[in-house]
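Down below are the structures I want you to see.
Both complexes below contain subunit A, partnered by subunit B and then by subunit C.
Let's look at the complex of A and B:
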């Protein structure tokens, strides 16, 4: 495992931990809320990057796993008082199982057809949960405030949820790193570059893609579970919100498609920018427009994203900067 | 010439039909261990289709293929790669956004020996030196010129440690100097004991290199034998040019 010997791997994890520790050390709730959101988006973007950046399959509707994990975990905690971390794990496993089953047929599609299919899957699940009365239908489900008593009250539960999100972000980034630097990851990138050539080299594309899709569904599902646990309320709209998927794609493109640190940089920059726009009275309604324009500019002029651009400009860094 | 006569690859009565087009018409051939087996034929004769059928890109419409005694007829390409069949493409297919080194490592990782990364890296470095791309190891594959891309394909195929190597026009598009370098490389590969099947348009090259030559025309075999026999075969001459005299000079490589 030479990834574990790579200093850059540890630097990334340490910097990330330090950032995550800031709100705790300064005891700032506002900063913690910001950071919670950034970490969540980082998890989403990194997961999309595994299937999109490494493998070349644009999973437009990846948010479906966020919603699925959220719903399953929320239900378990609400009905059976299952500890939220355990519930999140179960949510992750459910989402991965569904990804595995959907992946078998859907990953045969190439290019735009795959992207469209993933949107369809997200919309189908949203419609299902909107009509699934046992789980609240269109109104969704909410926690009785007593649910948080087991975690020392709502305030404390929020803190615990934050720690869980930090842990999950670290695991997600580490996984992304390990995949990128492994033989498996090389197989994925071979598929991305030329699936038919990869197959002749000895890569089993169908197997590789399904495994990857399954992994990439796990982390958003757990993030959804933690997010809605803290939120105390889950509804089909916010759970399967397509524009969050699109924003995560923008983050991947902005930071650098196919790099490990790209989605991290992308999530931070995008979220800071959005925070600024939303609080500005004249621009607050325009943040999605700006996201769209940004995506357009990146696709046209900076296809490699921030991290990719640095890698291209400074080839000496290519060995270290992933 | 290798004296070991064991058949390593056998194609038996293989046909391939695309809609109304019969691209391969009951082709039968046997390749012996350690030889260089040349495949020639006019454009559109079905040479690349034959390669695609042998390495599992297309299943044959009928017929069987045996590799080292095993029936591999409907196996997908990655299964054949694992068994020791590697190939290069007529139209080069580098993994463009990966470096030269990563391309070759992929060859070693997923090929016959299915090596873990560290070992694959060592073999990749060896192969890159062998084909003379050492100075361009860290370059993106898409940035190479055609001759370098051909060498890359060769290194990638060799890194898989194949038993049989299919070379699809590795000389096309190279200048005379690059061709003579490549011929040296191919001879060295054969000396390592790897059996080579090669498709080539450059007659003097294939006539010089091959132990046996197989001629396809309109998907069917029209001749097989030593380069000498084939170049004197009237059917080959006719298929190529129609004019026996010009054709003979062409096949002997004096044109």
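Let's look at the complex of A and C:
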């Protein structure tokens, strides 16, 4: 647990908390909404980074856990008035259980086959929820406004959801840090570099990968639960939107594949940039084109991402900047 | 159970299946030759659709327009290869996935600017044929014939011509092919062009059958994944078989279950095939 003594670990968490506290201190709702989204994307990107950046498994359809957690928690809060934090925890555990069960067979696949399988799983769940009438089918479910009364009205509930998202983001980043710096994380990176060699050195790939997949499913599921609680409406389309998963992958690449701070930087930069492009009148139509060009430039010329690039350029920082 | 209804929908599904097969062949060919999963496949299909739409608005017969689409496809594919894929051809799959996805974003963005996302359709009237309870729409029949013709030409090209043989050689072993004096860069660019061309032609054919939008590509792209995996990644014959299976599945199962359940079966089958028979139904190459 010497990670807990690392100053950088605490610096990251403190900076993140300070950023998250900004909208609360300035009492700006617009800023809070922006930050809410950025934190959520940060959680998604960090979780994908745990399975993809550390272990090398490209989980393209990772958004499936976001949707699953969202649906389970939404149902619990709507039908049984379960407190939304508790419901989110249950949603997270459900998603992790499913990840554990499907992880055993799916993680045997390597490379492109794994990526395709995760897309298939996401699409299968989306198609299933589109048809699952008890949970609203294609129309989805929505909250009666009275649900928010237990939290002191819709406005207050939005505030509580924000705090929950901040807390979850901090836990996700801390977990990502702890995994990276642990013996377990070292095993994962050995699997990423050469699975067969890792096995020879006494790493148990199947077990390691399933545990990692299970962990990385938990946080997106809770994020989904909090997001849809605040949203008040859940539909299969937005819940299992493959595009959002790919965007999270882009954030990981932008910030730096396999680093702890990379997904954080990536989420902030990507979301700010998209916000800028969409609100700018001349660029709003072309925002997808510009984002595409930027992604291509990163993929072709800056493979290590922002954090990776800094690490390469400033060797002195390598010991601290994870 | 009404037998004629079953027959009619089977024929319908079979015909649609050929077009789906052609569409998936583009994806599988690119994977077979360079181990790249082309996430720009959907937008390529959509480009074919809109190319045909624009030409028919200019008064060109859509089927004649397919010839233009073929040339467009080859050129577009080769350009995309040199711009986005060539530099990262040997990188891990995540890199090529993201590179082709960036192409996807650019194309969808550009197409949205030009055409907006409102639904479009072709105004095409062809006589239909009747035999008992079975009615075959003229547009479908022509689409199938074109799909079969393109497939036959593709096979002839891959197996009978020198360039086609070098494509297969590069697919088998790029280094060895280089040693035999094949310029693999051009072969790869050509293969990407052919893959793109197949996607665009199938898009053009689909445009004569259904209405479409700029965003239709996403669904067709995932459908192509399912088909390709059914037949075995990298196997064009398998893609044709997979296309026919999916075409039949989509039309025949709707007699028994609501149509919205079909994707559930498709994707469950897709994941199961990946898990238990990753080489596809036709087995190892």
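The definition used in the following text is that the second predicted complex is superposed on the first by the 314 of 322 C-alpha atoms of A that agree within 3 Å, B and C clash if a C-alpha of one lies under 4 Å from a C-alpha of the other, contacts with A are read in each partner's own complex, and residues count from 1 in each chain.
By definition in this document, a residue touches a chain if its C-beta (ideal position, glycine included) is under 8 Å from a C-beta of that chain, and two chains touch if they have at least 3 such contacts.
This is a predicted model, so every value here is computed, not measured.
Asker: Under the stated touch criterion, which partner chain does A:315 make contact with: subunit B (first), subunit C (second), both, or neither?
Answerer: first
Asker: Touching A:269, do we find subunit B (first), subunit C (second), both, or neither?
Answerer: neither
Asker: In the superposed arrangement, does A:124 touch subunit B (first), subunit C (second), both or neither?
Answerer: In the superposition, A:124 contacts subunit C only.
Asker: After the superposition on A, what does A:194 contact: first (subunit B), second (subunit C), both or neither?
Answerer: first
Asker: Considering only the touch criterion stated at the top, classify A:186 as touching first (subunit B), second (subunit C), both, or neither.
Answerer: first
Asker: Let me test your reading of the model: by the given contact rule, A:299 touches which partner, first (subunit B), second (subunit C), both or neither?
Answerer: A:299 contacts subunit C only, not subunit B.
Asker: Is subunit A touched at more residues by subunit B or by subunit C?
Answerer: C
Asker: Now for A:203: first (subunit B), second (subunit C), both, or neither, which partner does it touch?
Answerer: Only subunit B; A:203 stays clear of subunit C.
Asker: What residues on subunit B touch subunit A, complex-wise?
Answerer: 55, 57, 76-78, 81-82, 87, 89, 93-98, 102, 105-107, 109-111, 114, 116-118, 120, 138, 156, 160
Asker: Can you list the residues on subunit A that touch subunit B in the complex?
Answerer: Interface residues on subunit A, with respect to subunit B: 2, 182-183, 186-187, 189-190, 192-194, 196-205, 258, 315, 318.
Asker: Please output the residues of subunit A touching subunit C within their complex, sorted ascending.
Answerer: Residues of subunit A touching subunit C: 52, 56, 58, 60, 105-106, 108-109, 111-113, 115-117, 119-121, 123-124, 127-128, 130-131, 138, 242-243, 246, 249-250, 253, 257, 285-293, 295-296, 299-300, 303.
Asker: For the complex, which residues does subunit C have touching subunit A?
Answerer: Within the complex, subunit C touches subunit A at residues 31, 35, 37, 83-84, 87-88, 91-95, 97-99, 101-110, 112-113, 218, 222, 225-226, 229, 233, 258, 260-261, 263-264, 266-268, 270-271, 274-275, 278.
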